[in-house]
Structure formats: structure tokens, C-alpha cells
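All chains are identified by letter, namely A, B, C and D, in their written order; residue positions are counted from 1 within each chain.
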Amino acid sequence: MAGTKFAYVRNFELPDAVLPSTYMVVRIDGKGFHKFSKAHAFAKPNDPLALELMNEAARHVMAQLKGQVTMAFGESDEYSFLLRRDATLYSRRTSKITTHIVSLFTSAYVFSWSRFFPTTPLQYPPTFDGRLVVYPSTEIVRDYFKWRQADTHINNLYNTTFWALVLQGGQTESEATETLRGTFSRDKHEILWRFGINYDRLEAMFRKGTTLVWYRSVVEGSRTSTSSASAGTKADAIEGSRTSTSTTGSGTGTEADAIEETSSSTARQGVGQVDAQRETLEDEAAREGITPAHAAKRRAKAEKQRRKRLESAHDLELVTLHCDIIGDAFWSISAPAPAEVDEPQDEM
Amino acid sequence: MAGTKFAYVRNFELPDAVLPSTYMVVRIDGKGFHKFSKAHAFAKPNDPLALELMNEAARHVMAQLKGQVTMAFGESDEYSFLLRRDATLYSRRTSKITTHIVSLFTSAYVFSWSRFFPTTPLQYPPTFDGRLVVYPSTEIVRDYFKWRQADTHINNLYNTTFWALVLQGGQTESEATETLRGTFSRDKHEILWRFGINYDRLEAMFRKGTTLVWYRSVVEGSRTSTSSASAGTKADAIEGSRTSTSTTGSGTGTEADAIEETSSSTARQGVGQVDAQRETLEDEAAREGITPAHAAKRRAKAEKQRRKRLESAHDLELVTLHCDIIGDAFWSISAPAPAEVDEPQDEM
Amino acid sequence: MAGTKFAYVRNFELPDAVLPSTYMVVRIDGKGFHKFSKAHAFAKPNDPLALELMNEAARHVMAQLKGQVTMAFGESDEYSFLLRRDATLYSRRTSKITTHIVSLFTSAYVFSWSRFFPTTPLQYPPTFDGRLVVYPSTEIVRDYFKWRQADTHINNLYNTTFWALVLQGGQTESEATETLRGTFSRDKHEILWRFGINYDRLEAMFRKGTTLVWYRSVVEGSRTSTSSASAGTKADAIEGSRTSTSTTGSGTGTEADAIEETSSSTARQGVGQVDAQRETLEDEAAREGITPAHAAKRRAKAEKQRRKRLESAHDLELVTLHCDIIGDAFWSISAPAPAEVDEPQDEM
Amino acid sequence: MAGTKFAYVRNFELPDAVLPSTYMVVRIDGKGFHKFSKAHAFAKPNDPLALELMNEAARHVMAQLKGQVTMAFGESDEYSFLLRRDATLYSRRTSKITTHIVSLFTSAYVFSWSRFFPTTPLQYPPTFDGRLVVYPSTEIVRDYFKWRQADTHINNLYNTTFWALVLQGGQTESEATETLRGTFSRDKHEILWRFGINYDRLEAMFRKGTTLVWYRSVVEGSRTSTSSASAGTKADAIEGSRTSTSTTGSGTGTEADAIEETSSSTARQGVGQVDAQRETLEDEAAREGITPAHAAKRRAKAEKQRRKRLESAHDLELVTLHCDIIGDAFWSISAPAPAEVDEPQDEM
């Protein structure tokens, strides 16, 4: 057949699976967004609509990858997505995971543009690039997200002061750059103060970036109230992050748990699933008095159900936060008591 | 400073550069396009507008990466992009190259949707995934593209027959599947014949897919003669291409050359550039009677100009073909004589 | 210069560093040792001298890589070496680490041959191959070593029974294979019993393989008490170890600790060392009232000393064990109290 | 079973196969050979016996990997081995290939030590490390070997002059270093001249390194004469390289062919073997009137025979040369006419 003699070229496609039982972070970055933001007259130093469009695209990614992506953090024209330690998406193949997330994000960004900028036509197709970074432990993953938020703070303080000097102070961009050379954090706060800006009162989204997490709502009666509380939603969440409220707490609590080190038995099941199971199949069959083939079917079904439960989990809601994630509070607040949820926390 | 103590997390970003002096093919695939084509009522077995939208998105990729991507081939919901053997895009980093191309394609697809489907609103954001495959030689790269076109043929013949059975023959989809089981190529042609379809007369785009190449137009007076000369030569090669004409022919010729094995000296310059140059700098400086720093500057400038010339080359036009690329004709037709162009062919 | 224009070929040497903050296990295997053991008339099913030669080669590896390799486990013609989570050997380059360990082992094996087999000349150069496997967590590393010892048990029980059937039972090798087909563990024990062999009384080295760990001897007066204390605790854990005694026990304790998850702050220092330090250099300089260059020098010296202390640590002794490492006892026994040692345990 | 639940750890062993249809060069380097050569009182600047021991170890590698390794080049304490473009050794797995070659070399070095240094006991086990570099084209592979020989020249000229200054000129090592600072090639030749040394008359092995290639002896009558000519052997070969003789020519000729770009059809067979064959199996079976299973068996047998023929080829002899490999002569001299050999040259 015609295709046959050329099919050997497939042998050049080498495997690129990520090490099992490790966290994967996919970070995407806007490509040429300096030019893009100028072409679309984004407000300086921060354009709330442009940021909300980024958040919307990120929520699309998370909704499509429910059960695999547990958390995301965005600032400016970048977004980081955290995949579960035992994520099985695309059999953990680097290229597939990375390109799929970048494509989901890009597509949603362009698709949703007109909803956020109804009177500003998109001039040309915006693009993003991405990379996947592997982190071996919970602690280092946390430090990754802390690093991004620290970066948000540093950049935003600089940019806010820079544009105050330009827009309010009448300096040219070069002059502003010169004015800021060698300044420390407190110097910038002072400059802002002169322009009547209390940095700490600026939008939390600008100062803290945006954190997306899955929130496990609790059962029955309590559900509505919780939902409405966290739903008000984003408005409250943003406000809430300033003064630290319970919504935030619950949300973060859930998240803290989601990132928690999966227990040994889970790691084993998640990671070594296929292999480990194949080998004990006979034992299981013997124990249960069924054929190994039957045992295998039962298992495949159970695993499928587990995944499905994760992915369609109706009690998981996506929450948008603008809270501090550098301090330990975000990561340490305990999750809702096990009794309140229908599934072990470490399954989230 | 706040960000400092977390910055160590960057050490987990490992390098992923592709081996120098090798061809890179990035193939992208529609994700869930069976569902997507149903949701948007694409015509069966081929929707010309949907294919043209794919082509448009691919042309956007090539236009943005002029000087790096020399050829592309598309069929159905997939597209393959060939990068020059000495491409320097993103320092040949796998993730960056792959995600950037997938993002460019996705973005252009969504951005251009309404131009191709003005009365069919996009229901949800379509996505693609991608992978990068490395090929060490010209010949194997050619076989790669031949493989894709052979695949186009096999799939299209099957699909065309399948839908003739369903749409014209009144069979259910299962019945059609059953009818086709175990049939050979000639059987399918016969079935089509019964429905009054001469397969070989169908749109070349359906049967041959779409090939995009850069066509080097020649200057002024010489232009016509060269075009007609090489076009005449290629009449047969591109018989399948109904819409395209003489330009097409020249394009193929140019392309064959573009994929041609880069000469040793080029490989050396392209690949080992940075390193090789650093070491001979002193020699060059001595020879020219200038300082090494001066020699270095001169070189950087020359390299920049070379790139710029490649990328902005006004004599390169993107041509869309639907011709046979399995036979040798497409690949072997000689390019315009070097004298007629302002740059060596192997620089393209 | 002659070499210059060819130097670009170095660009083809791509980086292959292992992800930071992960455990690395290098496992080496004898190549064609079935033939090799026949050629040198090794005793069946186990040749104690051949195993001791393997152990000797492994001890050479560990001695040469003190401070990097913390544990090793060997059985038959294979040996596994565990590198510290924050090992910096060869900047964590896969090829360098793997080939160096394989070369050290091979060299020591040939070099020491005549000491173990003074009357059996080496017929030809024996060889080994190796691979490096990355493990992200302490728990999985432990399971790796448990897996190897479980394998030792399974293979040794089979081989012991097989050779009893052949050497004592007079069966041919094919008959013995047939006899053992489908048998369970208890069946094999019974067969051995018939030949007067109590499997559990066989050499621990045959049944449990060999475990090498670094033992931290404690200072002066406190030494005895600690040793006896922790040794008493471990009597059961190492029941299998016939020859080794109390020292053995303490060693295990130390080892459990050595593999212990390094604390977050250590991970950060170990992993992100270079980078993190570079960035806070100015802060440190300011704090200490010295120049950044001075601060940098001070640090480099401190790091060098830290390494040196690790590598030359006179209070670390290499201990050879043949104990159970599948049960938790080996891994959970607490190490000597921090006060008793001159360095934090997690630095080992 | 005990081993079962830990077996999941095998999933952490990720694949590391090299891209098909590319050359692989494994370069090994002595580890700490400065110290090693002092400890064993190697002659300065070159110890002929130490170099011959290196050559002997390299010949062992080539003999063990006949049919896979086609050429080697050594100088000082390093050696480079070239694997066929379509080498199938260890399924092209990086770690396995690299460690196996390093182990073969190390083992042979220690094993053969006493033959080369009968009165100098080996003080301790010497070690080597290694890395595998992939080269996509014949031309770049040649440049690789040219690079190594250029390096040999540069280092040897420097070292010879350095030690002349020290041993004959009575300078201290620091003084010699100072004397040589900033000197060019001609300056060094002059210094040597003063000590009565005509650099170009020194041992070819010192100046040109050692090149190992497979030499295909021709059939019947001519065989003996050729063999004896090249066999005289090394003495002649070395001498020959000085004045350039036919022996050298034939040897190099054969080699030039061995490295020659494998033809397209070969590449396809070599590389895509498994896959391509699986797909055309039915076609072949149909054509030959046999079952696919039968066809498969036939093929496996044919492939096995092909390999065996390569590996055991009695008409291939290993030749040791010390000739120039920077010039084109070594690479371009035509091989024995096809008629004289029983196998296509590109199969070598």
C-alpha cells in the first residue's frame, strides 16, 4: 500500500513522557504582548479587562482539564497551571500536555475577546508560548508559586510608580526610568504617596495576581450559603483577599489539600497503576475466585469511574482569588473536615 | 528581596534544545474535531471551507516564521510544518518552537473563523495539539511528507466511498462500514463509479492535501522567462493542482531546493556559528588589522543582516499547491539558475 | 588555527543534567555473566567469593564517591547505588555519573580479582552496563530497594531449589525446570527440606543480598552507649546478618536517616545554591558590611568546606550488611540524637 | 508475591533511545590521569606503552562490537568510537551503549595492564568516563574526527616543547609555561630545533594519534599478500603513515566507505525495519503465498543472518593507523572495487 514504505518515518517520534509521581507546571507567556497591548490601547500600568480576559482563558483551561489541573496563577501576560502529581493527561507526554494547554488558552483568549472588549476589534491573532517544568516535591511547587507572586509584587510596584511618574508626574519614559534607577521598595512607596497613591489600597488583582483553585462545596443545606458566599463572587473574593475572609480561607484550604503530598498508597496506585496491577492480577483473581481477565475488567472499570468522578465532580467549583500565597496561611489552612465530603481529600 | 529566596525554582527548567543541523517537523492535530465538525455542520466527506480555514491558519504560521519554516503540508484537521535544517528559532528549544507554532495556528484559526463561516457562529474554542519530530536527512524528511500525502489518499478514498454509500446509497453508517470492510482500492473506485463519481476528478485539495511553499520570484525581465520555463517543466508534476498555475510550478522548484541538503559550509556556519566564530575571531582580527571586539561586532551585524534578508525577503511569496508530492517530480525539478537570483538557493 | 574550524562539532553535545532535588539510582548489571560464571567455574547456586568480589567493587565505588553515594544494594551480578537527593557529582550530568560509576565498578572488579580468586586466572575482561533512574521521593526510593531485595529472595529460592534438584537430586537441568514449573514458595521450601536444607538457615548474603551504608561513629564516651542502645533495638531487624553485629545496627539507623527527605531549607540550599546565592549576595554584603565580591568568596569557601567535610568525614565508616530491608524496621529506626554528632543528620 | 507491590518503581525508568539514522560517537576520557600517569611514572611528554595500552583497550571494544563500531580515534587518555548510522546495538539506548563501551574499555585496560607494564604493578583501579554525541551527517562526523586530530596536534606540539624546555633545557615547569606563553606554532618548532628535535620526525602515533578501522581483505590469492602487507603490521602502518603508502590508503579507503552516507534504501531498511516490515508483512505474505507469520519468521531470520554476517565477517580485519585524517585523502580514497568483496560496501 502506498503509505507503507514511508511509515518508517514514525520511528523518529521519540517518547517524551514526564517522570511519574512529580508535579508538572505549564507556564505560558504572551508573545510580543508589549506591542499587542499598545495596538489595543491597554490601560497602564494595569488593564483590568485585559487581566480578566487572561483569567477567563485560564478558567477555560481548568474547566477542560478538571481532575488534572488543580491550581493556576496568573499575572500580566503569563499564567502557570499546576497538574496533579499523579496526572495521567496524555500519558504525561510533555509535548502533548504543553501544546494542548497553550492551545486551549490561546483559543479561549481569542474566542472571548469580544466579550471583554466589545468595542475594540482584535487587530491580529495574539499568541503565547509555553514550557513544562517538573517539580519533585510539594514544597518546591509551593515555592514556585510564591516566586511568581513575589515577581508580581516587584513588577507591579515598579510599573505603578513608573506610570505615576509618567502619567501624573509628566516625566518622559526615559526620565521615569532614570528616576527609578537604584530605588528600593520604600522609595517607590514614597513616590506613589506624593501622587496620592496608597499602594496597598490598589486592586488586589494588580498586587497579588490571580489564583484559581477548585473549591469543594459542602453538602446540602450548607452548600447554597457557601456557594453564594464565594460566588458573590469575584468581587467579594478580591475584597476578601484584602482583609482575609473565610471564603478565601475555605478555598485556599481546599487547595492546600489538593497540592498536599499524595499518600504513599495513592502514589503507588497512581504511578505504577498499570504495571503493579498486571502483576497482582492473578493473586486478586485467586482471592476473589474469579478469572484474571474478569479481575482486569473490574479494575479498568474502577479506574475509569475514579477518573470520571474526579473530572465531573459536581461538588468542585472553580474559585478566582487574589489573595496572598507567599505566606503560609494560604497553604496551611485545613480543608473541610473529611466527613463533609464524599471523597478522600487526597483524591482531589 | 522577596523574590530572591524562591528563585532557585528556576533551576528545575531543564534545557530542551534540538540537535543542530537537523530538520524539525512540527505536526499539529485538531483535538476532538469529530465533535467539532459535527457541531458546526461541516460537509461530508470534505468541507472545502473548513479546509481553506486550516490553510489560512497555516499560511499565518508561515508568514510569521518566514525564513524559519520553509514548507507545510495539511490534510483534514492536521498540518505539518518543516523548519530549516539550520533554523535558529528560539535557539531550537523544543517546547518554545512547538507551543509557538500551535498557538499561532490556533489563534489564526479562531481569528479567521468568521471570514470563512460568516453565518455559522463558533460554538466553542477549538483546540489543537502538536509535537516536534527531528529528521536527520533530506531524504527522510521527504519521505515524511510523502507519508502524509499517502495517508491523505488512503483516508480520503475511504471517506469519499463511505459517505457516497451513506448519502447517496442510503446505507446507515454501520452498514457502510460493513460494506467497506476488507475492500481494496479498486473496489472503492468501483463503488464510487456506481454512484457516478470519478474519484480522480474530485478536488485536488481533497485528494492531494495542501502544500505550502515559498516561491522566489525573480527580478524584472528575467521573471517571465524563468517562470514559464520552469513552469512548463512542471506542468505534469502539478497536474493535480487545478486552481494553481504557472507560479505554482516555479514554487515547487524553489521548494525542492529549499529542502535540499544544506552545503557543508552552510551547515558549519549555521550550526556552529557562535562557537566557531568566537574562536577564530582573533585570527580574523589579525588578518584584517582590527581589534577582536571590532571583528565580533562586524560579524554580529553580518549575521543579523543575513537573517533579516531571509525573513523580510520581498522576493519570496507563499504559494498554495494541491499537487502530487509522492513522486520525485516535485522534489527534483531544478530551481531557477543561481544567476537569476540575488542569493544562493541554499540560503533559502 | 587547525582546530578552530572543526570546533563547531562541540555544539552537538547536548546537556543531560538530572532534575535537581531528586534521588538518582545507578544500577549496574553484569554483561553475559552466565557465560562468565561458567568460564570461571563459580559455585552454584551462589559463589560466596564471586559475591564478595562484587561487594568489594561496590565498596570501592562508595569510597570514591563518599558524600555523594549514600547506600548500595547488590545481589547476583547486579548492584544499585543511591546518590543523595542534593548530590552535585558532575553537576548531575546523567552520562558522566553513570559511566563513572560503571567504570569505577568494572575497574575495581578486575583489579581485585586475583585477591578473591588467587588460583583462577581471569579468562577475559568482564563487563557491566548501567542506567540511571530518577526517583522523586524518599518513599519511592525505599520501594526501589525493597523491590530489589524481594527479587533477590524470589530468585535465590528458585535457584537454590533448582540446584538442589540437580546437584543432590540428580535431575538434569531440564528436569529440574520441569519439576519447579508452577510451584509456589512453600513447595520449594518442602523440596529443600527433603534434601535436608533449611532455607532460612542459609547464608544471609544469599537470601538478603548485600546492603552497604555509611555508619557515623559517635564521639568518645557517648559512642558505646548509643551503639548498644540502637543495636539492641535492631537485633530483629538484622537477624539475617550473621556476621555483622552491633555496628551493623547503628549503621542501619544512620542510613534510615541518610535517605530521609531532606528538609526544605536544605533542599533549597542544595538545589538552588548557585543561583539563589548569586541573587542575595548584595543583601548579604550590605548586612555584613563587606563587598559582594568578598561575600562571594566567603561563600565559595564555606561550600567547599561543607563538601570536604562530607567527603572526608572521618566519622563515617562503610558498613556491609545482609539484613532485611523490606520491612520498615531498617528504615524507621531513629538515628543517634543530633547532639551526639558534629553535624546535622540531614547533611549526611 | 513479595516483589509485586514494589514493581511499580520500574515505571520510573524512562526510555533514552537515540534518534534513528544518525551517527553516534562515544568519547571516553581518563579520569584523573594526570595523577595516574605520575603514580605509574609514565614517560613525558608521551609514553608509548601507555598509548599502546589505550590502543589495545580500544581494539577490544571494536572487536566486541564488530559490525556496530566502525572506527575509533585515540590520543592521550581519550578515545572516540564511531557507531554505524544504522547501528542497532542495545536498540540505540544511550545509557546502555555508553556504559557498555566504557566498561569494555576500562576492563580491557586493567586486564591488559601487566602485558604492557610487566614490571610496574597497577597502584589502584584507573577509571574513565564517557558521553555519547549524536551527529546527523557524514560530513559533520568527519569534522568531529578532524577536530580530535587537530587537538592532538596542538596539544602534542605544546607538550613536546614544554618537556624539552624542562628535561633538556633545565627550566622549571613554571618557567617553561612562561616561555611558551603567547608563542605560535613556528616559535615552538624553533625551540625544538634548538634542542635538536625535528618535530615532524617524531613518532607518528604522538603527532597523529591512533586511528582504528576495519579493513576488508580481498579474496583468495590476493588475501595473503594484502594481509601481510598491512599486518607487518603496526610497525609498517605507523611508518607508512609518515610517507603515505598504499597500505594506509587501502585502510582509509575502506573506512571512507564505512562512514559513507548509507543509501536511502539502506536507511529505510535499517531504521524503520521493525515498523515498516510489520506493515508490509501481509503484502509480502500474499505475494509469496505464505502466511504472515511465516513471512515474519523468514524476515527475522534474514535480519539475524545479516547481523551475524556483519559481526563475524572473516574478511574484516582491524587495522591500526597513525595517519593524517584532517586532509581529504583519508576520507576520499576509493574502496576496493565492489567486485572484490562478497558484500556491498555500504553494508560494512
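Throughout what follows, a contact is a pair of C-beta atoms (placed from the backbone, for glycine too) under 8 Å apart; a residue touches a chain by one contact, two chains touch by 3 or more.
Quick caveat: nothing in here was measured; it's all calculated off a predicted structure.
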Chain pair with the higher count of C-beta pairs in contact (C-D, B-C): C-D
From chain C, the most remote chain by mean C-alpha position: B
Chain centre separation in whole Å, for chain D relative to chain B (CA means): 39
Euclidean distance of C-alpha centroids - chain B vs chain C, Å: 51
Distance from chain D to chain C - Cα centre to Cα centre, in angstrom: 33
Residues within chain A bordering two or more other chains: 1, 7-10, 12, 14, 19, 21, 134, 140, 143, 268, 271
Touching residues (chain side chain A, partner chain D) in the complex: 1, 4-5, 7-12, 14-15, 17, 19-21, 268, 271-276, 279-280, 283
Residue ranges of chain A in contact with chain B within the complex: 1-3, 6-10, 12-14, 28, 31, 60, 90, 94-96, 98-100, 102-104, 106-112, 122, 124-135, 140, 143-144, 146-147, 150-151, 153-154, 326
Chain B partner contacts - residues on chain D that touch it in the complex: 19, 21-22, 134, 136-137, 139-140, 143, 264, 267-268, 271
